[in-house]
Amino acid sequence: MAVLLRQYKEGNVSEAQVIAGMQRAGVEDLGFAEVDQARERRQGFPEVIYAAGKTQEQVAAIMASLLSGSRQSVMATRADREMYEFVKARIPEAEYQEAARIIYVRRPTRAVDPSRKILILTAGTSDIPVAEEARLTAELWGNEVVTHYDCGVAGIHRLFAHMRDIEEARVIIVVAGMEGALVSVVGGLTDKPVIAVPTSVGYGASFHGLTALLAMLSSCAAGVSVVNIDNGFGAGVLASKINRLD
Amino acid sequence: MAVLLRQYKEGNVSEAQVIAGMQRAGVEDLGFAEVDQARERRQGFPEVIYAAGKTQEQVAAIMASLLSGSRQSVMATRADREMYEFVKARIPEAEYQEAARIIYVRRPTRAVDPSRKILILTAGTSDIPVAEEARLTAELWGNEVVTHYDCGVAGIHRLFAHMRDIEEARVIIVVAGMEGALVSVVGGLTDKPVIAVPTSVGYGASFHGLTALLAMLSSCAAGVSVVNIDNGFGAGVLASKINRLD
Amino acid sequence: MAVLLRQYKEGNVSEAQVIAGMQRAGVEDLGFAEVDQARERRQGFPEVIYAAGKTQEQVAAIMASLLSGSRQSVMATRADREMYEFVKARIPEAEYQEAARIIYVRRPTRAVDPSRKILILTAGTSDIPVAEEARLTAELWGNEVVTHYDCGVAGIHRLFAHMRDIEEARVIIVVAGMEGALVSVVGGLTDKPVIAVPTSVGYGASFHGLTALLAMLSSCAAGVSVVNIDNGFGAGVLASKINRLD
Amino acid sequence: MAVLLRQYKEGNVSEAQVIAGMQRAGVEDLGFAEVDQARERRQGFPEVIYAAGKTQEQVAAIMASLLSGSRQSVMATRADREMYEFVKARIPEAEYQEAARIIYVRRPTRAVDPSRKILILTAGTSDIPVAEEARLTAELWGNEVVTHYDCGVAGIHRLFAHMRDIEEARVIIVVAGMEGALVSVVGGLTDKPVIAVPTSVGYGASFHGLTALLAMLSSCAAGVSVVNIDNGFGAGVLASKINRLD
Amino acid sequence: MAVLLRQYKEGNVSEAQVIAGMQRAGVEDLGFAEVDQARERRQGFPEVIYAAGKTQEQVAAIMASLLSGSRQSVMATRADREMYEFVKARIPEAEYQEAARIIYVRRPTRAVDPSRKILILTAGTSDIPVAEEARLTAELWGNEVVTHYDCGVAGIHRLFAHMRDIEEARVIIVVAGMEGALVSVVGGLTDKPVIAVPTSVGYGASFHGLTALLAMLSSCAAGVSVVNIDNGFGAGVLASKINRLD
Amino acid sequence: MAVLLRQYKEGNVSEAQVIAGMQRAGVEDLGFAEVDQARERRQGFPEVIYAAGKTQEQVAAIMASLLSGSRQSVMATRADREMYEFVKARIPEAEYQEAARIIYVRRPTRAVDPSRKILILTAGTSDIPVAEEARLTAELWGNEVVTHYDCGVAGIHRLFAHMRDIEEARVIIVVAGMEGALVSVVGGLTDKPVIAVPTSVGYGASFHGLTALLAMLSSCAAGVSVVNIDNGFGAGVLASKINRLD
Amino acid sequence: MAVLLRQYKEGNVSEAQVIAGMQRAGVEDLGFAEVDQARERRQGFPEVIYAAGKTQEQVAAIMASLLSGSRQSVMATRADREMYEFVKARIPEAEYQEAARIIYVRRPTRAVDPSRKILILTAGTSDIPVAEEARLTAELWGNEVVTHYDCGVAGIHRLFAHMRDIEEARVIIVVAGMEGALVSVVGGLTDKPVIAVPTSVGYGASFHGLTALLAMLSSCAAGVSVVNIDNGFGAGVLASKINRLD
Amino acid sequence: MAVLLRQYKEGNVSEAQVIAGMQRAGVEDLGFAEVDQARERRQGFPEVIYAAGKTQEQVAAIMASLLSGSRQSVMATRADREMYEFVKARIPEAEYQEAARIIYVRRPTRAVDPSRKILILTAGTSDIPVAEEARLTAELWGNEVVTHYDCGVAGIHRLFAHMRDIEEARVIIVVAGMEGALVSVVGGLTDKPVIAVPTSVGYGASFHGLTALLAMLSSCAAGVSVVNIDNGFGAGVLASKINRLD
């Protein structure tokens, strides 16, 4: 836009052309969008592809395009091993985290102070894939992550064994299916932000995560917020945004 | 029926008359029903009137009828003070438990061994009316009841302060609204039967108790069962049935 | 913890170290948890693996670990025959109950007085797998179980034929899909605790068990409580807990 | 239309005019509609006003109009006593059935053979208003109606006491709230058509009649059909239609 | 039971033994059940197997058992061709109606007067399998059935073309998915009983038949009743029950 | 913005100031917004206040402000008569349409060609308030509106009597509660755009308009679209937008 | 019908025969239906087959029948490539649009003025199949269509880049899954009719398009209407109907 | 606990007494709880009473108790003016924020660096009470809060006018009812944590906030989390927790 303005000043384009050009050029030229892109680039946030429902060809092509267009890490979530092998044949530096179901290319990023820890807790072992999605997301954004899996409230002593990590964490992600009660207990033990991730683990009255979702939203502990069912990625992004605040 | 049979033996009634009589007389004459009524009378289970949606006149009339027809205690649940005063004017021995919203006439009953305690826990103070409905029901059935109110998981130390009562109880009723997480924690701390009562306490995503109901049904703690929303009476009945088992 | 205290008394550790150690050691050292584990071991409650969504390798590994770590029976619910054969090759003493879809290793347990019978009723033949899950669970816990399958209310004489068993049972489990009406009828015929298990049997307005679940919760018979849809295991655990009460 | 055709034959109107006339005249001239109206008049089906949400003035005006336009009975459902008194002041022959909440003017109708009985059963006393709406509707249509109220399955002997009436009925209406189990039991005892009316009686998981509705639709008894929640009028109409079949 | 009574009269059994025997013998001896079974046998109602979720072996075995135990027709609903071929190899007289997905053995039955016609209408071609299930059920019960498929209200002239059949039918079954509007239109054109069958045809906001179900229950036409989603069999049974009324 | 650009050309502001100014000035200066406001003013679209949940004072104040700020008509929807009287005392030119529950001040607008008629149909008389909201909205926007109320499909001849108006309309709004079947029938009779408005009329399975909403969305007639429950205003706006297209 | 009338005038048929004939002939002879068919033929609206749930044979047969019976374009929606290849072997002129999943035969149609553009926007790339279904439908009806895919509100600058097309469009179709927010933004930027198509894109709380559907219906932008989930065809038809208005 | 330990070291209490004492004393003595209380006191977090469903007497009593027991601010949410006046008469320093419906007593707190701004945006004016609840909560915790109300996406230029505040905020709370689209737009414009608060504003398909809730959870913008419907307090607490992180 600055170029256009200078041309206008030099008399090469008319006033109407500047206004029209700004409209035509659209938002790429709007200040807030440029600034936004610049900030993203500077902070090294990874680009993300939601692979579910995309073909292997599409994922490989988008990933290659993202890698050539920026210097950031790139991840494709909800990808199976077969898709990974297809991508790997085309992008040799691609890696695969099986538990998280994520294909990714890790690139240098601005690390967050490692004393600022993100803690991820799960209620059961079946919640681990969602937790791993959150963990890898946060790590690719440069965060130090601590995890304790399978510490649901049916055996609440398992949770208390991690009391020190709960106290030391800066942000806590709680991943739980079924009735999601772990969120309320953790929310009552800490004054740090708690991000709750309901999972589709369970059967019958669990309604594929809906019960955990509603229970977490109704939690008696204040200061808890909730993301979509199985949305480990979203929790990882939000935890990173909070953890990077200066 | 025995009378009919003897008449038949004496030749006063025909075989066809006995069969027809049994059909006509219906189930009052069937063995299982008679036994059942006898057992109820012997055990002193109270008769119950669900007062919601009934007029003051109807409640007073049904209560008077029940009192004259048996020697048991009688209760009318979900009754307000105004209804009580109407009833009291007609049935002077009627009492009122304001928190439980129950009008009742207490009569002697066969007491359960007082070392067999029913423990009632609530998550919050708003759950108390439902808990009191359960408590009074169980007491009128002759049970010893211990209660601890307002020990929800957002401050879980409040629950642990009652660890000894949890260990000593024979049956535990947990009353909770919102996300109902207290049930899962208690269910994980005891090997006694736990009866969960969801309450309509909460707002928004609590959906008038539906979320607590679904969460309790999805509880990760085994050995928990659930009654209808706000059904303190039902929980009190079930706890009594369990506690009376020899 | 006693060791730590003695070291403290002998001056080998500081006061701060004791407090820190207790926090670090976590809940394993807390009285209630220790007692709890001891009780479980003494009573011979089986360990349970929910096999749905786990790989054959995971189930076999967890089962082997549980067998080496305790002297209790071990069961894996919702397992198909193929998984069983995989496990069997690694754990020769494993058995399979096809109807219940449970792999288990039965070990000696403290038997409950066999006159204390648990009765399991189903409405239809399609409800049998869930009922068998409850039955095997209760039997592995040392209970005597009586079953009558396919006695739904559309032909209510089938139920009355089992009147004596209903009267003699100490706890009754009713397993039913569709509209779940059997629960209300049984609940009206007995003064024993009734545990209702809705099943996902049915189509259309049955909504995979939701209708049976809601109907059972709304039952006009008092003293009925409900577990999650298809949760035969949970009903078996609860019935066992009730049946073992002294 | 016949007039138009004759004019056409006589050459007074053109072919185009006949076709246009038929279009313009619309459906009043269509054979099936005329026949339909004639049939209704001949059979004496009552006209009905759904009073809920209408003003007293509107109900009185519509009722007066219906009375002057036909020789049939007229009813206004879901009307309170205050509305009745307003109507009564303007239409002196109006009567009020308090339990059914119906204002009506009864006129001579073609009676159905009184040996063809419609039986109406309710599960509880709270279901009576809906049952009375069905009963009065059927009676105004000339049917003989038998009723037994409060014979729900929690005390199933109450139902069996009416076995003879069940066997003798030609059509059975079952009115029930909560879990609606009475429908399945009755449906299994008879080979006559059963019309199920769910009521909004109940609380919590009854969801204002939705649970009873879904349970009735999922009934294990074949030959049962269901009308809308609290729709006693619709059940009365349908039973009348069935009962009048020659 | 008569035998027992005579033995009692002859002094061979005690009074207590008669009462106990009646309890033990259960409901088979109760008058209403015996009469019921006799009536069913006399009327030739077919026995039905719900094949969905059963193995080929189970269906063949139950069908063989039903055939040897009665002289009625037998049908297995929701069966695919493969299951039919398995059954056919064991029961050569078995036939298959592909559109209705029913395996059946047709046996002589008491025919209903053929002037009493059951009319079955569908909104679209996708509703035909459900309609065929109703048709075959009604035919096996001895009814004359007329069908008109694909006359939904989006082209309402298709319905009016069948006006005469609508007028002449004694009972009308309307099968429709999506929004189920055909039911309201037909209900307004006839004074005969209308049985509505919602189907799971449709997508998105049709919610697998739930929308059609709720719409039919809310129909503005009186005298309409509804069966479960896709329950052609139930509609056929009910229509037969109505059509056989004398 | 043009001013800023000229200043820049004249050297009075820097390039950075122009960019910053554009950001600061925000959207008021963006071309599309300016054009949009201009267009609205030119077309005479009325301003609208949703009065539900606002106080009388708030509605009067906002209405006065809108009247002074533009030359358009102004309407306040969902207002009762009491609110109107409050407003009338402050804004004497305010009028009230009781059936539509709208307070409005009518001002000259650019009329749409009166041969372009919007037709509004309702299924019942209870749907009239919503229809009147649509009608008044469309009329204040300068449209010619034709209405036919109470022509639901239970008496479908009432609809056919208006066939000519259906054929001549340019846009059709169909307002219906309960099962909303009128929409499908009308949608099948016309090739003009049909806007469906579900209303909260009905009870039980009507679920306050949800059933009508879902049924309309599932309509078998193509070319139908749906607005929110009871949203007569939205339908009126959309019909006006369509009708004004050149 | 004209033939019948002339025969009547000539005395060859009686008055009764004319009336009967009109009833028997049904609606094909009714003026409005004839006119309707004529209009459709004249305007060249394509015939449509909903292929989901139909066999390859059925689709090919219906398509062949439609092609021989009219001169219009014909389309079969929701068809996969395998079905296309089957059809292609029988109908060589058939074409396939893979993204839209539509088999079609394009025939000459009356083109809409190309300056009347229909704009189709999607929020994401996963919404494209539904958008393509709308596009091809509209194009086969002779409309000029402009599309911009993947301009969801999470990067709202992508939308603003198409401001000119938004301003110039006559009708706008917005296709979006997840939370469907694009509809509200577009609805606020234009005074043209906006047709919203929710898609089943998303997971968890998106509930297969239900959340987008409800959000679009609740949109704060007036003048938006909604079609069924994934119903690109319906949106294309409605947009065409609006765009063809003179 | 330290006291007990010292007594133990000094030999005044036995080892068993220490363990028992720790169990008896319960959680008050557990390290994490003590630390937690200390931290809360130091940070000046206000105590909160949820006044809905409590009597005036209860609220006044709890508030007085909290004020005497700590030096923190105290707030009672969801309180009407009448309740405030009752409280004010007993606690003269109580203040009332009418829009937020909060009674509070403000006390000195540790202020957060005022350059760390919390931004609160609402979509409409009806969302203001919920936003004010969030604002007052955050302010009482010592935060600097900026608010912009009524900038919903139907007029998206209103949002862009606040672009600078969006860029400068450290945490953003977005309060919106209806379809909640504002959240997605804001989430796409910022890399700061966004807390979404759905409100019960809207009608029909808004389902009292459920649609906004689900839409926000399904938001296409990453890094957004959601609290319960109308839970302005919870959002204020969470924003404060994030804003205080060092």
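Each chain gets a letter, A, B, C, D, E, F, G and H, in the order it is written, and its residues are counted from 1.
Please note the rule applied: a residue touches a chain if its C-beta (ideal position, glycine included) is under 8 Å from a C-beta of that chain, and two chains touch if they have at least 3 such contacts.
Given the structure is predicted, the values throughout are model-derived calculations rather than measurements.
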(message) For chain G and chain H, which third chains touch each of them?
(response) A, F
(request) Note whether the interface between chain A and chain G is symmetric in residue numbering, meaning over half of all numbers used appear on both sides, and answer same or different. (result) different
(request) Could you find the chain whose CA centre sits the greatest distance from that of chain E? (result) H
(request) With chain centres defined as mean CA positions, report which chain is farthest from chain A. (result) D
(request) Return the distance between the CA-based centres of chain D and chain F, expressed in whole Å. (result) 38
(request) Averaged over CA atoms, how far is the centre of chain B from the centre of chain C? Could you give it in whole Å? (result) 25
(message) Averaging over Cα atoms per chain, report the distance between chain C and chain F in Å.
(response) 59
(request) Can you tell me which residues of chain C touch two or more of the remaining chains? (result) 23, 30-32, 156, 160, 163, 189, 204-206, 210, 213, 217-218, 222, 228-229
(request) Provide the residue numbers of chain C that touch chain A in the complex, in ascending order. (result) 23-28, 30, 33, 52-54, 198, 200, 209-210, 213, 228-231
(message) Touching residues of chain G toward chain F in the complex: what are they?
(response) 31-32, 35-36, 39-40, 43, 45, 48, 160, 163, 166-167, 170, 189, 191-193, 195, 213, 217-218, 222-229, 233-235, 237-238, 241-242, 245
(request) Show which residues of chain D lie in contact with chain B when the two form their complex. (result) 126, 156-164, 201, 203-206
(message) If we count contacts the way the header does, which residues on chain G are in touch with chain H in the complex?
(response) 123-124, 152-156, 178-181, 183-185, 187-189, 202, 204-207, 210-212, 214-222
